[in-house]
Amino acid sequence: MNAPDTALHVREQLYRDMHPHHLTPLWEVLHALVPQRPATPCVPALWKYDEVRPFLMRAGEAITAEEAVRRVLILENPALRGQSCITQSLYAGLQLILPGEVAPSHRHTQSALRFIVEGSGAYTAVDGERTTMKPGDFIITPSWTWHDHGSEADGPVVWLDGLDIPMLRFFDAGFAENDTARSQQVTRSEGSSFARYGHNMAPVRHDAPFGATSPIFSYPYERSREALDTLERGAPLDPWEGVKLRYVNPQTGGSPMPTIATFLQKLPAGFRGQGWRQTDGAVYSVVEGTGSVDIECGEQRWSFAFGPRDHFVVPSWHTARLRSDAGCVLFSFSDRPVHAALSIHKEERLS
Amino acid sequence: MNAPDTALHVREQLYRDMHPHHLTPLWEVLHALVPQRPATPCVPALWKYDEVRPFLMRAGEAITAEEAVRRVLILENPALRGQSCITQSLYAGLQLILPGEVAPSHRHTQSALRFIVEGSGAYTAVDGERTTMKPGDFIITPSWTWHDHGSEADGPVVWLDGLDIPMLRFFDAGFAENDTARSQQVTRSEGSSFARYGHNMAPVRHDAPFGATSPIFSYPYERSREALDTLERGAPLDPWEGVKLRYVNPQTGGSPMPTIATFLQKLPAGFRGQGWRQTDGAVYSVVEGTGSVDIECGEQRWSFAFGPRDHFVVPSWHTARLRSDAGCVLFSFSDRPVHAALSIHKEERLS
Amino acid sequence: MNAPDTALHVREQLYRDMHPHHLTPLWEVLHALVPQRPATPCVPALWKYDEVRPFLMRAGEAITAEEAVRRVLILENPALRGQSCITQSLYAGLQLILPGEVAPSHRHTQSALRFIVEGSGAYTAVDGERTTMKPGDFIITPSWTWHDHGSEADGPVVWLDGLDIPMLRFFDAGFAENDTARSQQVTRSEGSSFARYGHNMAPVRHDAPFGATSPIFSYPYERSREALDTLERGAPLDPWEGVKLRYVNPQTGGSPMPTIATFLQKLPAGFRGQGWRQTDGAVYSVVEGTGSVDIECGEQRWSFAFGPRDHFVVPSWHTARLRSDAGCVLFSFSDRPVHAALSIHKEERLS
Amino acid sequence: MNAPDTALHVREQLYRDMHPHHLTPLWEVLHALVPQRPATPCVPALWKYDEVRPFLMRAGEAITAEEAVRRVLILENPALRGQSCITQSLYAGLQLILPGEVAPSHRHTQSALRFIVEGSGAYTAVDGERTTMKPGDFIITPSWTWHDHGSEADGPVVWLDGLDIPMLRFFDAGFAENDTARSQQVTRSEGSSFARYGHNMAPVRHDAPFGATSPIFSYPYERSREALDTLERGAPLDPWEGVKLRYVNPQTGGSPMPTIATFLQKLPAGFRGQGWRQTDGAVYSVVEGTGSVDIECGEQRWSFAFGPRDHFVVPSWHTARLRSDAGCVLFSFSDRPVHAALSIHKEERLS
């Protein structure tokens, strides 16, 4: 047996001997552990609403009202099947609630966002205050607050659920509790949270009702849309992202939730976006109009055409280019605030 | 000469000898330097608008359009005449601008607030954006930003000027500059600052255009008033201050200016407030309705009945009680953010 | 086929049909996704140094000087073999460097800590400044700073490597670069970073050389040990953790790195600690003395006796009880700052 | 009477009429209120220790031990006689304590610093912990903490008192209280605060004992001096200030007190500093060596030669140039943190 073989043999023997001691050689894996650039296992994906909706409706039949709280179709990243996540750190799903249904009250440390996709008249109650849902509304369920929901609509209501479930699983910090009451007592009139904190004013006795999460838990679409339109008239177009606003926690100026940032952007008719990439993977929900996104990573290419209520994901460090002939409005969310808190956020804008 | 005399003599001789060396004995003044509780030289005062207005109009005649920028009647604290201040740290004045007048553009490190008291149709331009004034609007001139104003109204317009002039004089940090242009170029459409930052959203490329000062430099009364009304319906009444909101810098959740906090409050009809005192002296401008304030400090008592457009000041550590039979709305400002930054703010609420 | 069967059949058919569309039913997995309390896959584990050391020495023979940078035995959590992590978010390994070896310069976004376990005379150079290693020293390699190391010792030097590798892999934010130069230029004298920031003073022109990471990248054991001893004399004993100090970033008062907190604690002779649990799993390195830790989670129990240079891990939400007859000093690190930044940290102290 | 006279007359009549209503015309004072640049009333001044010391000793005879707490000679700015301040916002005085004297315990919201000028063996007790004074030590009396002092020295001990007395007077926020006990109970061993927070470590159960003020209330000269020397060797010389360090609150990285920043700097032998000016006026205490400072403001010039224990003040926006043939060490303090908190700090460095 010649020298190289011996060296090889020596190493393999070492591996075998130390394996039972829970020891592993770094030199065999270093390259994978410390990559030159992010090599996410996630892949881009598109969920066409007209393909997803029939399954939602079938779920409406298959899942009883009693189980309504769970009637969600998880948008699973094609490369991460079985892990219930759309990026490594984020969960996304489409939830259906039918007329008359009521989902019991519970709470958990996971932060949740709801973005209303279809239908009006359902409601969610957070910490004793109800909010009626309308398409395009962005609603927060702050960490560890009691919440339930139900529907007084006359048709199906569908919303996008975005949660930090994989993140809390990764950090082993998930807690949950079911309420003894089926649905919680309503203690405040609808809109009172917004009244307190939504008008660039705040109660003098400052209380941060939801800790690091925005005291406004409902951002109505009509207001956000108005902001977008006025900004479009008043400001130069961003060559990469069109007209883009981030939702703000008015108590801090930061993101609405400590783990998730949310955005609303408008691509004017004829927009031809330049490419950019960032370390935070983002999930998009198409609110209005049509457009397309070209995504590339190394040698790989993806191209998605999207319309209203479609959803798609752009993974970390994938270059995306947005286009729209007719113009469109996009809602999106990502884990950017965590990247910022950890000082690991990186972004690259190509021209 | 007996012993006490000698001791006295020794001291006086010492004082005389060291005086030329810029030395002074602490033991003669310690008590005054470190009081048991705040002993402000300021006194409470009330300025009835029907008394002040005639002087403003006479100033309108006495002061030419060329001098319009200076056509302000300073509300001087009666105990601090000649010092151009309403409390030791704050300046307040009432400014009149007449139809067609234009005040030239300038900037200074002093932060300024304008609270519109009478008339519509005047405008102020800040950093290239114009804002049209309406009664009750709260407008900011951020530190070191170019600003000018003028009037296209058909009648007189009067607003309250609130500045930190005495503070910057005390800290020797005042700088000012006159623009070469008579009035600045308008570069952004009216309302674009509000569009960017006023809807609990913010541009993705975050820029803090005015540093520590709110990027919203105009808080329209109609929105603030709406917030107040909704809060009144949705929240319990504060026994001391009725329904009170503070204006917020949406980028920080803090005060609109680093040196000045501003507030809007409503006393519902029949309100009988309990007494409170705080270290920050406050200046009030009555927006709507009528009421009264009882103020006490030690043995002294003051009682003011107020109506629309009246102004009054409550000095530091004076106990105030607000009352209103018909209900009223009050705007107020103080240097509370400085007290907070210096960790010297103290408040006491009596019951 | 009876009703239940039908229902079951309907669901399974639905699953089959939507699977190709990257859709998964939440109702089948909800319980696992939102657990009542953290259910970490990690398990407690102990690495006895006298068992690990022989493998390190064999690695010293198997791995050439050229590969020295990689001569690390990863301490792999027994329940997470093949994932190169000791908790889900943290990496730990023991690195050996032999006399005369030099590891080439590189940098990466992963933050690294070195805690010196055995031997003196090796050095690490960070951003142009060298630090000589002594047992007990805590040394930081800030994110994205050039670093290399070598040894001028006459015997083997071993240190504990602690990194946030799994965290950056999870967030897809890892970047790395190799230096063109074999080892970097030394531009500052040893100890100059400590001189600048280590004495509760800082240069007037404040610069945060390493961003969110501590400008002190070497915390000598002699100083930390002295702090521990003085504190032991001056302060009451903590019934749970004995005498425990956290290392501080003097520019912020926070943790030395944005992703990792580090601690040094002393258990006095005869210490019988009470149990506590927290969401952040912690890795321990025994510096001096002997002791034991009893760990429990649900029905499971672990009990480890430890001595100098042993290492052990306490996973999230496992109750730990520390004991020591002879007294001991423990170094430890965890991802607590991330739990804090995400507002998900929870701790429970039993009595 | 011609037109101008009339105009003049009209204005004067207006002034007379409105004066009783506490109204003053801005247009007569605007220029003074909003200056082009800071126009401080303070002037530079020097206090030679050999001139001041005899007065201190005479005060030692004139002021009984019972009054010892007040035995301070205030360094009054020559342009602000009778106001007990050295700049508009800061107070400075030299305090003498004689062997065996004890000053009773009290507390106040004013923050105080002591910088030991002459003698060893006196002590101050803060919040139950005693600190023995040595020349060059910088000691803090945090706002609203009980403190007393006394002397077990065999000779006189003199220190510089620096307080924010004028600032709290200006903001009407001064509170004070005398202890019922003559001197407070000693509850912690000397040095335990430093042990807890002085070594770039902190107790795990973080408590901020003094709020916004540094938990280290004594910064020993030997450590600060060592930092200065090491920095001098390790870093390039600053052409304006030589080698200069600021004292740090290790819990925040900011200034030791919210109202006062403190500095220690070394001018190496042969140093010829360039000129700089800043909005915060600074008070200097010469610790070692000799040097000179040239100060200018507009047309005015001052030149001071200084030696050990001399004190001098450089007012706001005065250009200062420091020089030293033999080399020297200077301690200084200013209200810079307030300028920073109010976003009004400005600095200009000439070359």
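In this document, chain identifiers A, B, C and D correspond to the written order of the chains, with residue numbering beginning at 1 in each.
Operating definition for what follows: contacts are C-beta pairs under 8 Å (C-beta built on N, C-alpha and C of every residue); 3 or more make two chains touch, one makes a residue touch a chain.
Quantities reported herein were computed from a predicted structural model and do not represent experimental measurements.
Asks: Once the contact rule is applied, which chains count as partners of both subunit A and subunit D?
Replies: Common neighbours, subunit A/subunit D: B, C.
Asks: Going by C-alpha centroids, which chain is farthest from subunit D? Tell me that one.
Replies: The chain lying farthest from subunit D is A.
Asks: Between subunit A and subunit C, what's the gap in Å when you average each chain's C-alpha atoms?
Replies: 30
Asks: Centroid of subunit C to centroid of subunit D, CA atoms only: how many Å?
Replies: For subunit C versus subunit D, the centre distance works out to 43 Å.
Asks: How big is the gap, in whole Å, between where the Cα atoms of subunit B centre and where those of subunit C centre?
Replies: Distance between chain centres: 52 Å.
Asks: Which subunit B residues sit where two or more other chains touch them?
Replies: Not one residue of subunit B touches more than one other chain, so the list is empty.
Asks: Taking the top-of-page definition of touch, could you list the pairs of chains it picks out?
Replies: Chains touch in the following pairs: A-B, A-C, B-D, C-D.
Asks: Mind listing the subunit B positions that touch subunit A in their complex?
Replies: Answer in residue numbers: 188-189, 191-192, 194-196, 198-205, 214, 216, 219, 223-224, 226-227, 230-231, 233-235, 238, 241, 244-253, 263-264.
Asks: If you look only at subunit A, which of its residues touch subunit C in the complex?
Replies: 7, 10-11, 14, 17-18, 21-27, 29-30, 33-40, 42, 45, 47, 51-52, 55, 58-59, 61-63, 67, 70-78, 81-82, 84, 87-89, 91, 93, 108-110, 143, 164-165, 167-177, 211-213, 258-259, 279-281, 315-317, 335, 338-339, 341-346
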